[in-house]
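Below, subunit A partners subunit B and then partners subunit C, in two separate complexes.
After this line comes the complex of A and B, so read on.
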């Protein structure tokens, strides 16, 4: 029904088109036409909603959701798009010791990075909220590095960590031996911590701001020490922010290929690099798609766990309802 | 203690950036630190390097239209979610958030399969669409709260005084949410200017964007002008974010 009324309007619009041309496209005519159109829409609330929510909805479905479904389809094809149907890509991946080692390593690195970022980020957010008055400036200083190019930030760490780089030069100055950390596991952890720290601080900060400081005082007055207070008051009260931060760090780390490629060298291959390889040198797209699906399964599992334990990931703007 | 934490973490976040800026003035090139002498030589090299300047132009021809499309769509999303109750409203909100959460490499792969493999879209169109999808969630996260904090009573007043919905939107609603919309646009542009992963997968060879250009440089032949390009990225990001922040609340940026 709405379909037909929509096309009716389309017809009326194109009819009056030549008129606009003879008028030289004067603003008043355009205004009138827009006004006619909004009046037309106001009398049909469903169509009005459709005309505003529809285009972004359609674009997100067609160019974001459907490609993900297409990836699922392709992951069951052999060797190339349109190849014979098979589960071979999954079997190949899941029966390969090499690939399973890569998945395990990726998981370990992601857990380590998440733990480091959560600890440092929480300490920072706590310090800012509880002990500083210049919160806006400090938050800005934390966020700004996040908005510069990811690759550039990795490049900075190449300069710092490489043999005879900035770090080694400083160590030399104070009389310590050079370490040459580039292409080690440590370099990968440092790189990830560096890029995700700003991202995690924000949800930590948001949840800590909402925490009533009197509760902490009350806990202390009742005889709890700082650790007990933290574990039984502060942490439980801010758990949503913590879970959001954890998800925001773990998921992109798990899928990353830039950091291990640039800082990790050959001993720190992560699963994202295997995908990149399928698309950039091995050219086995269906196999790459299957690995993409495997990452997605991990991600969805984590999200379900997070939602269960109370992370408010999709709540952005939920206040409206 | 708290001050020590703050100072240490901020040093960790800013020293690498300081190193890049410093190195861009270093005479000896990338591998020597500390440098012997400070110079503007690499800036001159950069300004006479057509490949790098072309990469900037390529990036802008993608980022500017992508930002325009994203701001329009994000504003529509914010308006729809804020004003209307409709079937699938929470799905729209989910769809507008998910691109942040799905790993970039997964979406990048899905896009190259669908855009290039299934639809056979031209490179340029694919990349612009990819940038729109990448930036919509961030723009929406900034624009939506400005719609929500806007006092709807003003719109009622406007309508009571005889203005229709279009006039009300243009003369009352838009001026009030405009700072948020501009801030969303600036952040979308910054993100698009830096965008690498989607572009890397979706875009074929030839005419690299600046992030792709710098990726190739770092992986195959680092030249000292990479330091200068780093400073360009830094300048773009700092300028855009500072203007955006002055227009809206700092917490809105990347809040979740």
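After this line comes the complex of A and C, so read on.
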């Protein structure tokens, strides 16, 4: 195969040369240059790889790696950028009960949100894949909220959840007492669940579509009931999608500050709000940077543990899916 | 007393009747094949027995217990799937032990029985591999072991061999037979491949358009097909159209092409009346081919012999036999399997076969519309 395609290429090249000379039209010249260029690249595989992979890696380096490095440097400076070198920011944070309480609360909320989104999202994705023929339409509906700005949607939730808001009005209408959920932990959970659900449903859906229905039948045929089948076939076979979804939800929840501020008020401070505050109000960038670094390390560590544990739990089941 | 007794089994998908009033008995220890073309409903029958489809109507009894309505995981049957459906995230041993684990067999016993099964299917030492690391034939064996290890009353096969190449398929056929005898298990095997079905089965069930066409041993089906469909489906057959000119207790007179031939009454299936249009079927190996005589009158129709003249149009070697395609003057294109003759393309030949070797079906009999032998 390789041989024949190579000789085909050679044939095309040798034909094109006299054609360009006799024709001389500008289109032909452009064609010719494009062909020369691709030939040039084909003969230099390393340069070709670089020309494809270069731009994205360049973007990553300039907009992610360098800023991260800058943040790391700044986090070791006192009070302001260019301040004296110190590890004081880290010490301050790690010895403060207030901040550690906030981190703990953030962790709890993130775990709760991730668990709720994973459970609801998996059920939703499963029902779309298994029980519906209108998968495209349903998926479209799932991602429909993305078409509206995040902030606007949060303000909509304020309207719904506030005292005497839409939710309370409906509850009153059916004779139930008002709840006034805004600025409670529940409001934050509702907001997060709403925001991240579509993000988790997509990887869940993708992995569930790839799941061979015969495997489910085989499991039942071999005597496993629905719950056993789910735990020993469906879930292990889709574990990669589940982990992807969990990562996509857990990371942004841990670092978020808009949703908790708008829906949680001051009672439900999350660590993202603290960091934002250091940068925008307290103007202590080094301290904010230090918190950011700590949180990044914590989250990455947690996720590495989770994926390893999750993969190991099902005998590295995801690899085949 | 049958192990599996199916009565009046019917399955409708909307307007489509996939399975139509099927009765079926499988005795303990039998190897029964359901044979039919794609879309004949054979897999649907199997899936209803396994419990994956709910019958629209009818009964399925396993060991005299009605199983319709009970879920697959409560039925004492195991299935070997068409694409095998091995669990890719489990090892070979875990795949085989899966059913035992579900039924609460202890780890020690599970390991022993899995090991014994691996021996049975000749895959000793493969237990720790992943199914994806095995060849197609090895995967077949794992799928078989996974079903057999549970010692089910009945093992169902949904064309599992269809993905294998011919040689491996033949090998697996004999393996299937060996294992069926060794384990003394009842097999119900579904396939569209007559070669597989003929080779392995004690009895065959021929299914078409959701209806049973015939049930019998291989010999019965081959030698006395109940319909033109069966004759066509089990082995090759030439079909020639004719008209009934006379019927009595012992013979049937037929008008075929320009000829009159009388055949024994017992080769005709069902009632016949004068004027009926019939399909006359004859196996290619029963067709004789001779070099054409110079004098066309010399080959008049002998009593009880069909004959015609024609031209050889094609030939292909099939090991010991050669298959010839012959364009006949009156009877359309016929094929003949001959052992020891060599004709060239375009040779003029006479084609004859004995009236006793044919089978005759009334034209409207089985509704199979495709017309092979018509001029």
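Keep this in mind: the second predicted complex is superposed on the first by the 242 of 321 C-alpha atoms of A that agree within 3 Å, B and C clash if a C-alpha of one lies under 4 Å from a C-alpha of the other, contacts with A are read in each partner's own complex, and residues count from 1 in each chain.
In this section, a contact is a pair of C-beta atoms (placed from the backbone, for glycine too) under 8 Å apart; a residue touches a chain by one contact, two chains touch by 3 or more.
Remember, predicted model here, so these are calculated numbers, not experimental data.
With both structures placed on the common chain, the touch criterion links A:124 to subunit B but leaves subunit C unconnected.
Applying the stated contact rule after C-alpha superposition, one finds that A:220 touches subunit C and leaves subunit B untouched. In the overlay built on the shared chain, the residue A:257 is in contact with subunit B alone; subunit C does not reach it. One of subunit B and subunit C touches more residues of subunit A, and that partner is B.
Of the two partner chains placed around the shared chain by superposition, neither subunit B nor subunit C is touched by A:32.
Applying the stated touch rule to the two superposed structures, the overlap between the subunit B and subunit C interfaces on subunit A comprises residues 314, 316-317, 319-320. Listing the residues of subunit C that touch subunit A in their complex gives 50-52, 71-73, 77-79, 81-83, 85-90, 98-99, 102-103, 130, 132, 146, 150.
Contact residues of subunit A toward subunit C in the complex are 212, 214-215, 217-225, 228, 232-233, 236-237, 314-321. Remark: subunit B residues 1-3, 5-6, 9-10, 12-14, 16-17, 19-20, 23, 30-31, 33-34, 73-74, 76-77, 79-82, 84, 86, 88-90, 92-99, 101-107, 109-115, 117-118, 129, 132-133, 136, 141, 144-145, 148, 164-167, 187, 190-191, 194, 196-197, 201, 211, 214-215, 218-219, 226, 229-230, 233-234, 237-238, 240-242, 245, 250-251, 253-256 touch subunit A in the complex.
Residue ranges on subunit A touching subunit B, taken from their complex, read 34-35, 38-39, 42, 46, 48-49, 52-53, 55-57, 59-61, 63-68, 70-71, 74, 81, 120, 123-124, 126-128, 130-132, 136, 138-160, 164-166, 169, 194, 197-199, 202-203, 205-206, 244, 247-248, 251-252, 254-258, 261-262, 272, 275-276, 279, 285, 288-289, 292, 295-296, 299, 303, 312-314, 316-317, 319-320.
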